[in-house]
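We call the chains A, B, C and D, going by the order they appear; numbering starts again at 1 in every chain.
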Amino acid sequence: MFEELDDYRNKIREFALKEFTEEVAAEYDRKESYPDYLRKKSLSLGIVDMQNPAKVLIAIEELCRVDAGLGIALTTPYFGSEVIMLFGNDKQKEILNDVYRGKYILGLGVTEPSGGSDVAALKTTAKKQGNKYILNGSKMFITNGAIADYLVILARTSEDSNPHHGLSTFLLNTKSKGFSATKLEDKLGVRATNTAELQFNNIELSEDDLIGEEGKGFYYIMMFFNISRIYVAAQSIGIARGAFDKIKSYIKENNIKDEDSMFQLSDVGTRIEASIQMTYNAASYLFEFKPKPELTSMAKAYSSETAVFAAEEAMEILGDRSLYEDVQRIFRNAKIMEIWEGTSEIEKLVIARYILKGE
Amino acid sequence: MEEENNILRETVAEFCEKNLDEKKIETDGIDKKLTQLLAEQGFLGCAIPDKYSGSGLDETSYEIILEEIAKYSPTVAMRIFVLNSMYYPAVNGTAAEETLKDASTGKINIAVDFINKKTGNESVSGKIKGTLKNILGTDADKLVVFNDGTSLVSGPFKSESRDFMGFRGLKFGDLFLDNSVQVLDKSNRLSEIMEKAYGPASAIALGMIASALQKAIDYTNVRKAFGSQLRDFEPVSFRLARFRSTEVILRNSLYGKVDPYYTFNFAMEHLVEIARYSVNTHGGYGYFKDFGVEKFYRDAIVMKSIFYGTEELRKLTDHVYSEKINFI
Amino acid sequence: MEEENNILRETVAEFCEKNLDEKKIETDGIDKKLTQLLAEQGFLGCAIPDKYSGSGLDETSYEIILEEIAKYSPTVAMRIFVLNSMYYPAVNGTAAEETLKDASTGKINIAVDFINKKTGNESVSGKIKGTLKNILGTDADKLVVFNDGTSLVSGPFKSESRDFMGFRGLKFGDLFLDNSVQVLDKSNRLSEIMEKAYGPASAIALGMIASALQKAIDYTNVRKAFGSQLRDFEPVSFRLARFRSTEVILRNSLYGKVDPYYTFNFAMEHLVEIARYSVNTHGGYGYFKDFGVEKFYRDAIVMKSIFYGTEELRKLTDHVYSEKINFI
Amino acid sequence: MFEELDDYRNKIREFALKEFTEEVAAEYDRKESYPDYLRKKSLSLGIVDMQNPAKVLIAIEELCRVDAGLGIALTTPYFGSEVIMLFGNDKQKEILNDVYRGKYILGLGVTEPSGGSDVAALKTTAKKQGNKYILNGSKMFITNGAIADYLVILARTSEDSNPHHGLSTFLLNTKSKGFSATKLEDKLGVRATNTAELQFNNIELSEDDLIGEEGKGFYYIMMFFNISRIYVAAQSIGIARGAFDKIKSYIKENNIKDEDSMFQLSDVGTRIEASIQMTYNAASYLFEFKPKPELTSMAKAYSSETAVFAAEEAMEILGDRSLYEDVQRIFRNAKIMEIWEGTSEIEKLVIARYILKGE
């Protein structure tokens, strides 16, 4: 499934090396803004092909390998699209096509200020009034929040003793009255991506804005996370490989031969290899519609820790050289991998649950 | 003695609470007013003898000051460290020792190029020329560099500042030298100076560890997740409790009778892990500057990267293998 | 004080060097003669008051004895620990305290069922019946068990010994009880007794760490590989040097002012890793009993498995979260 | 390559569960002796099929999962056979066939008392005298050393400034005059296997006993290690899975639900999954005659550390329950994985060398 895509992989790598120069990467990192021209360019060159998940995985990996801030910025305007693809109505799918064509930017609003990983505890409501839903509440740490044209939003549509019930997904036009987004600044890393806090103040949604069935939102989102986690694993592998590239160059350029450095090189290389094998194995089940969520969670948890490990090793091995912008940027970008799309803590609970169920 | 130390600790903590706003310092640097304040309190030149306008404090008091300040501002602690543990031993006993008076009173800024370890810019006939990259403290008036020898370069300097990942309040960047230089010692004394600074460096690391960890513990006491307090989530609270063990043990080593080689190694081995996990504990909030957690992670990795590597491990190993062990 | 401690340390080390052959002890157990010798030297009941024929030593002396003995024989150290830190507090102040005299002088063997933590064999009308599995010390004359209360069972016992992975010199196996039992306390005091034993338990761990590590360091000084000494292979010597830091810091914590909760946690966190790596360092030789290394790895994992788990981590965490932190 | 062998895997598992009872495993562990009756039984039932390396891998994994001492005892009588298979002469291959049929036990003698992992430093000599070679020297830690009928021996046949040159492999009949083997006792684990120190005192070898070409022995052995390492990885996976089985049963039987235990469960499971993916990936290259030695070394180093990790976790999670023979035996068996067929230290240097070469 993946081996045949070597040419595609090379094409992505070339694009990233050409466009994600140190100057561009440093600039967007410094000014913490979204590189929209690169999004457009990537679309015109066919860099992102959302119809082919294997290609998406490879694109994410190779782009993030060169710069994760720009890499994620380019592959995230479609964030949440799987929810629409799987459960959306025709009108929503039309909007999705415009997203794919670059006309719109999409985003996904699940996390709330008080909620974090605890999705079922969310407080945003979409109360039905006649044939409308009235959306109220707030969302936190929403990628593309302040630049998206549309957002897939999870909100509570009815009270239920089971907190997993009564949640629904909507496709929200950010031009709607009552919507406001505040860009969150001073992130540690991935600063070319946009992150925002959202406020919903009596936003009117029509029944057509509901994605799929009412009350099934929690399950749609969990299903989505099973997909998106594999993409975070790919981001992580990209970052780890980027750090590894720096370590290898440094060792070669300085003709380093001491055995302790060789051990560090070997440890990073081995962890990356393990991340790759786990991720591509989990992805092959997922993309053949036979998902094994525990394998996806393992791949995400392990790869994200590998990204952080590799980035820290690069900092330490390069010592004072690590203070240059490129390496320290890798370090700052890596950390979010362990946090978003389910912290490592959440992944581990998911994994344990499946392990015990699987017997 | 112990009581005196506790009083000093409280005094410093009060000062920090009142005067050190690390978020502001990260953006604006350590300004003249703050420098003045640090000098007035006797913190700036705390381990420099009275005759050079320092406070002449003993090692323990000096380390307590560094630890407490590092809890609030690793940047400020690092500035004090560079002056007392690197600049002072470099110029002490040389013709340049008179500069200590202005340095201790905050009249001049000093810097020590301990990052490059050995500059290729050799001094020729009283002048040094060329570019010095990665200087922590480009706003310095005097700079100690290490090449074949140990030398003092006098400003003003032409410089270009760059963003720096850690200790952001210290100006970081490149210097373009065409300055007068004075040889302090014919040998490169960096390694020797660094070894004597293991205790104070560990004190900064300890302060960072204590502060990052306390933030994480505090957060687990207020944050709720999945219907209960985050602290009730044992994988998190167990880990934080173990880190507290590490912190307490490190503090006891630093102020106890442990050989600084071991204390320093121990501090460097745990600093990044604890700072990293403090970020993790805060979830998404940990990733934003506002919460004051991610900065410890940045400072921690910078500190480990520039202070601790193969060279220091070799020193430790030689130390261990040459030690007489009281064991049959 | 410090000098006295050093003299004690040397005395114990000399005794061990002369009298403790751990390979023999692992095969044959702690025989009557050795027990007698330990009693004569005052090591057996070292922390038990004079009036019960113990040596009445202070905590530090007691821990020094455990540490030094554990370097040579973790088995013997464990026997002393069980008597002084578990049996003594269990019977002290009860009608059974008279048994301490015979125990301290080696006339009777004692055991404490701290492994099962809570036995299901309830005592009924002065008798206890049933099988007790996994008893460390099946050759005991008196046994303390914990059920709803804390009770003393009197031998002789019918027992079946089994091979044991760690502390092999202590007979390990199952007891088939049909014995008289005496309630010492209505409450199960194991947890409380265990908490008070953190220091002594850490002393045993420290001795094991010191000894395993020293063997590894010594081996790297004599073994050649790929044309040079093993110690020149830096990934190995760096790691051993870092372990030495851990050892020194642990020792300083134990005999310093560190809260035993932290010391104990620190000891348990590092014990297995250091013992394991000592095996690694020895290559194939590490896998054979003859080299005296693998035994530390076995003893280490047994010690961690039975002394340290979720329960102890909960105690540590409660301790940390309830502590007043002197930090704003 | 491996998925189709599920039936075979089940057959092995059944055999192991039936034959490797706790009583048998404990008995051979205690008396530290070789279970020859099980070797014969395993051959008669077709448990070991040396013609199919994929099957060998699976057999090793499943047997070691139940008990590594017995599992290795049953799969190691063929140790060194690949050297003969690839480079041996007809007479030697005939002997090999008898090994496969169970008539003989084979072994491999490379390691020396002073050498450890440093193969090129070996001191055993096979000096040519006329058309004979005279073998002198000693070997250490030789598996099957005291029970083997034949041993593949590496010895120095000529001095050379390059220590890798001048080494040759021979097939030694252990009934030869001048051969003696001393069983080494009191091993930490895998005690059902036989380990011995060998002495060669002027043993006469004929030219027919030379395997392959004179002077190429070092390379044959290195090639062999590239194969045997994958089998050690499989032993390691087996041990880790065996430990994992104990952890899972314990957690279920005691209805343990605390999150810290769930984390430990997840960590062990994830590392095992990574080991499996890396090992089977490396094996698929190897068994298709496109070996990637760095992947094999990664798989060996990572899996062996996983075996030790899983065994220690089982000890700690089970606490006092871990003192029972089955779990502590797993613990004692695990450690050798990091030592034999190249210590983890050696593997890491191999990995680093390939990483730097691969660019």
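One rule holds for everything that comes next: a residue touches a chain if its C-beta (ideal position, glycine included) is under 8 Å from a C-beta of that chain, and two chains touch if they have at least 3 such contacts.
This structure is a prediction, so every number in the text was calculated from the model and none was measured.
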Pair of chains joined by more contacts [C-beta pairs], A-C or A-B: A-B
Farthest-lying chain, centroid of Cα atoms versus that of chain C: A
Where chain A and chain B are represented by their mean Cα positions, the distance between them in whole Å: 36
Mean-CA-position distance for chain C and chain B (Å): 41
Chain A and chain D: spacing of chain centres that average the CA atoms, whole Å: 43
Geometric centre distance via CA averages, chain C-chain A, whole Å: 51
Per-residue multi-chain contacts in chain C, two or more chains: 233-235, 238, 310, 313
Where chain D touches two or more other chains at once, by residue number: 258-260, 262-263, 345, 348
Residue numbers on chain D that touch chain B, as the complex places them: 258-260, 262-263
Complex contact set, residues of chain B against chain A: 115-117, 134, 162-165, 172, 223-227, 233, 235-236, 272, 276, 279-280, 283-284, 286-290, 294, 297-298, 301-302, 304-306, 308-310, 313
Residues of chain A defined as touching chain D within the complex: 248, 251-252, 259, 262-263, 265-267, 269-270, 273-274, 277-278, 281, 294-295, 298, 301-302, 345, 347-349, 351-353, 355-356, 359
Complex contacts: residues of chain C adjacent to chain B: 9, 13, 17, 71, 210-211, 214, 217, 221, 231, 234, 237-238, 240-242, 244-246, 248-250, 252-253, 256-259, 261-263, 265-266, 269, 310, 313-314, 316-317, 319-321, 325-328
Interface residues, chain A side, partner chain B - complex: 30, 111, 114, 116-118, 121, 140-141, 184-189, 258, 260-261, 308, 312, 315-320, 322-325, 328, 331-332, 335-336, 338-340, 343-345, 348
